[in-house]
């Protein structure tokens, strides 16, 4: 494990928050995409 | 154009509240601040300029949605759009009517409220000058926001969200000018910036607002 | 000489074209009545010709500043009196005869009433009186007789007839017979076909 | 063949579908490698381990501004040439830009905390990013408030134009208002001194990674918007028929 010194909390916090935000964005993007694809396919099968 | 200005002013007077409401809101805001921060001159004086500008800005925001909403509802906007008046001109005139009914009364009472907030008398010319130069831009930017959100159901809140960020430069230079007037600093640069922003806004924003109105009319 | 010439016009509502291939001309002294079922796009067509929204394709030719438009909303301010309301539009449109407009729609006795105190039919009459004040040659009217009683409809028809006699023209969407000597255009055959468009009218056509 | 043909939804779907896996792979490799490499760099003698935050802060801040510029260009293309995909791309980019701005703000505040002694300082750079964030929020809110897609595209386009001018203006105003505590150019740790190669190369890698990540997310989100639009269009057609 690398030594972060006295700023460990700040560094880990910054990485943690940022990666959580990025992860949330990616998850939302993929979920919305999957949903849109599913809805569209259902509509196209019907019509 | 003059006919439109006179009609809007007459409507503001007759519908009541046009002139008074903004000023009343401004008064309440200025009266509440000392309750929040304490009655000491030492606490009030440094923030007086900021409070006065914020109060003017919020009072101006209150009546923005009425600039176009009423005319949109009763169909006047359609008729204005087919009239010989260019829509850009109509936007400018309606923003001017808004300034006369809200901005101008605020400027008149601002020195009075400045005394309430312990603003030193030396800063009052700067206060008047900054409001006089800055508030026309507030009305015009507000007219742009109103044009974008006219006809939307949740328009009111969205209007504030869109317009307030646009007010930031005017707010910064306006309060900076008073602060410098208070401290006897050089008011030139903020004054020039404020005048420049207002001039630019008055020249360009009517076109953007008219474009947004045309989109919302079709 | 024709006051309005429309060539191969297509108009859209909600990003989908409603009617297409519409062509007609209206000469001075003529009126054209538009008919068609609800939702076919009469209002959209009128708004397009009035210049309130862009046409999808086609050309609209008319002299500049020729249109006076009147639709469901009368553009009245309740806080102003009847004559102040007319006076405002008279100034905006550059001069017409308010007294003549008032008498044309039998509003003279009401001239000093605030518009808010008028009944729905009286408001409508005031909205139509504005047409006289505008002094525009081409009247574009969308269901002008809504909430008018039989006597007012006759009065309105007289007003249109007088306008036509003075060299004006009118394009009217209405379902009732005004007793005008007018051509009738039924929009039903022009209903837009859901064929792929080379120039989409909006998102709904670009992505379908 | 002209570049404008990619503004056709069908062509866009085909092309973006073909390049998407490569972009995703590139984004994952560059971002992850860059961040891990950056995390393993030695501490700066003055800033200690907080220097590691630069590998998030600088790319996110760079993308926050670049994405707004991209939205401005896309809005202009829509307003002038009426390419529908362009308007949807601007819509799709906005939430990515907002998240990047937020990351820039958070990392900036955390990075400054040990030096400034406070979690938030009204430093002009941080403040102008806060203002940029407000503009992103307004833009996204306007898109979701207007129901008619054509009007929404036009109105947000106009807002993006006006907002760009005022975002820039606010930036100057904020620098006038409060001269900063922030360090000067982003690529130097100390003013006037170039960043050493130990930090520079992983930083370049994360910048490339964030750029590719944005491209990947943008393509996916634009595809989502196109599908949603197509669904709405099919339903509108059904209603009309």
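The chains carry the letters A, B, C and D, assigned in the order they are written, with residues numbered from 1 in each.
Convention: a residue touches a chain if its C-beta (ideal position, glycine included) is under 8 Å from a C-beta of that chain, and two chains touch if they have at least 3 such contacts.
What you see is a predicted model; the values in this text were computed from it and never measured.
**Q** Quick check on this structure: which chain has its C-alpha centroid closest to the centroid of all protein C-alpha atoms?
**A** B
**Q** Report which interface contains more C-beta contacts, comparing C-D against A-D.
**A** Of the two interfaces, C-D and A-D, more C-beta pairs touch across A-D.
**Q** Go ahead and note the Å separation of the Cα centroids belonging to subunit C and subunit D.
**A** Here the centre of subunit D sits 48 Å away from the centre of subunit C.
**Q** Once you find the CA centre of subunit A and the CA centre of subunit C, what distance in Å lies between them?
**A** Taking the mean C-alpha position of each chain, the two centres sit 54 Å apart.
**Q** Report, in whole Å, the distance between the mean C-alpha point of subunit A and the mean C-alpha point of subunit B.
**A** Roughly 41 Å, centre to centre.
**Q** How many angstrom between the C-alpha centroids of subunit D and subunit A?
**A** 15
**Q** Taking each residue of subunit D in turn, which ones touch at least two of the other chains?
**A** 230, 234
**Q** Going by the contact rule already set, what residues in subunit C reach two or more other chains?
**A** Where subunit C is concerned, no single residue meets two or more other chains.
**Q** Which subunit B residues reach two or more other chains?
**A** Expected reply: 218.
**Q** Pairs of chains that touch, anyone?
**A** A-D, B-C, B-D, C-D
**Q** Across the complex, what residues on subunit D touch subunit C?
**A** 9, 84, 148-150, 153, 226, 229-230, 232-234, 236-237, 240-241
**Q** State the interface residues of subunit C toward subunit B in the complex, per the touch definition above.
**A** Contacts found on subunit C: 47, 50-54, 65, 67-69, 71-77, 79-80, 84, 88-89, 91-94, 130.
**Q** Report the residues of subunit C in contact with subunit D in the complex, numbered from low to high.
**A** 14-16, 194, 200, 202-208
**Q** Over in the complex, which subunit A residues touch subunit D? Could you list them?
**A** On the subunit A side, the touching residues are 2-8, 10-11, 13-15, 17-18, 21-22, 24-26, 28-30, 32-33, 36-37, 39-40, 43-44, 47.
**Q** Please name which positions on subunit B make contact with subunit D in the complex.
**A** Those in contact with subunit D are residues 144, 148-149, 152, 154-155, 158, 161-162, 164-166, 168-169, 172-173, 176, 189-190, 193, 197, 205, 208, 211-212, 215-216, 218.
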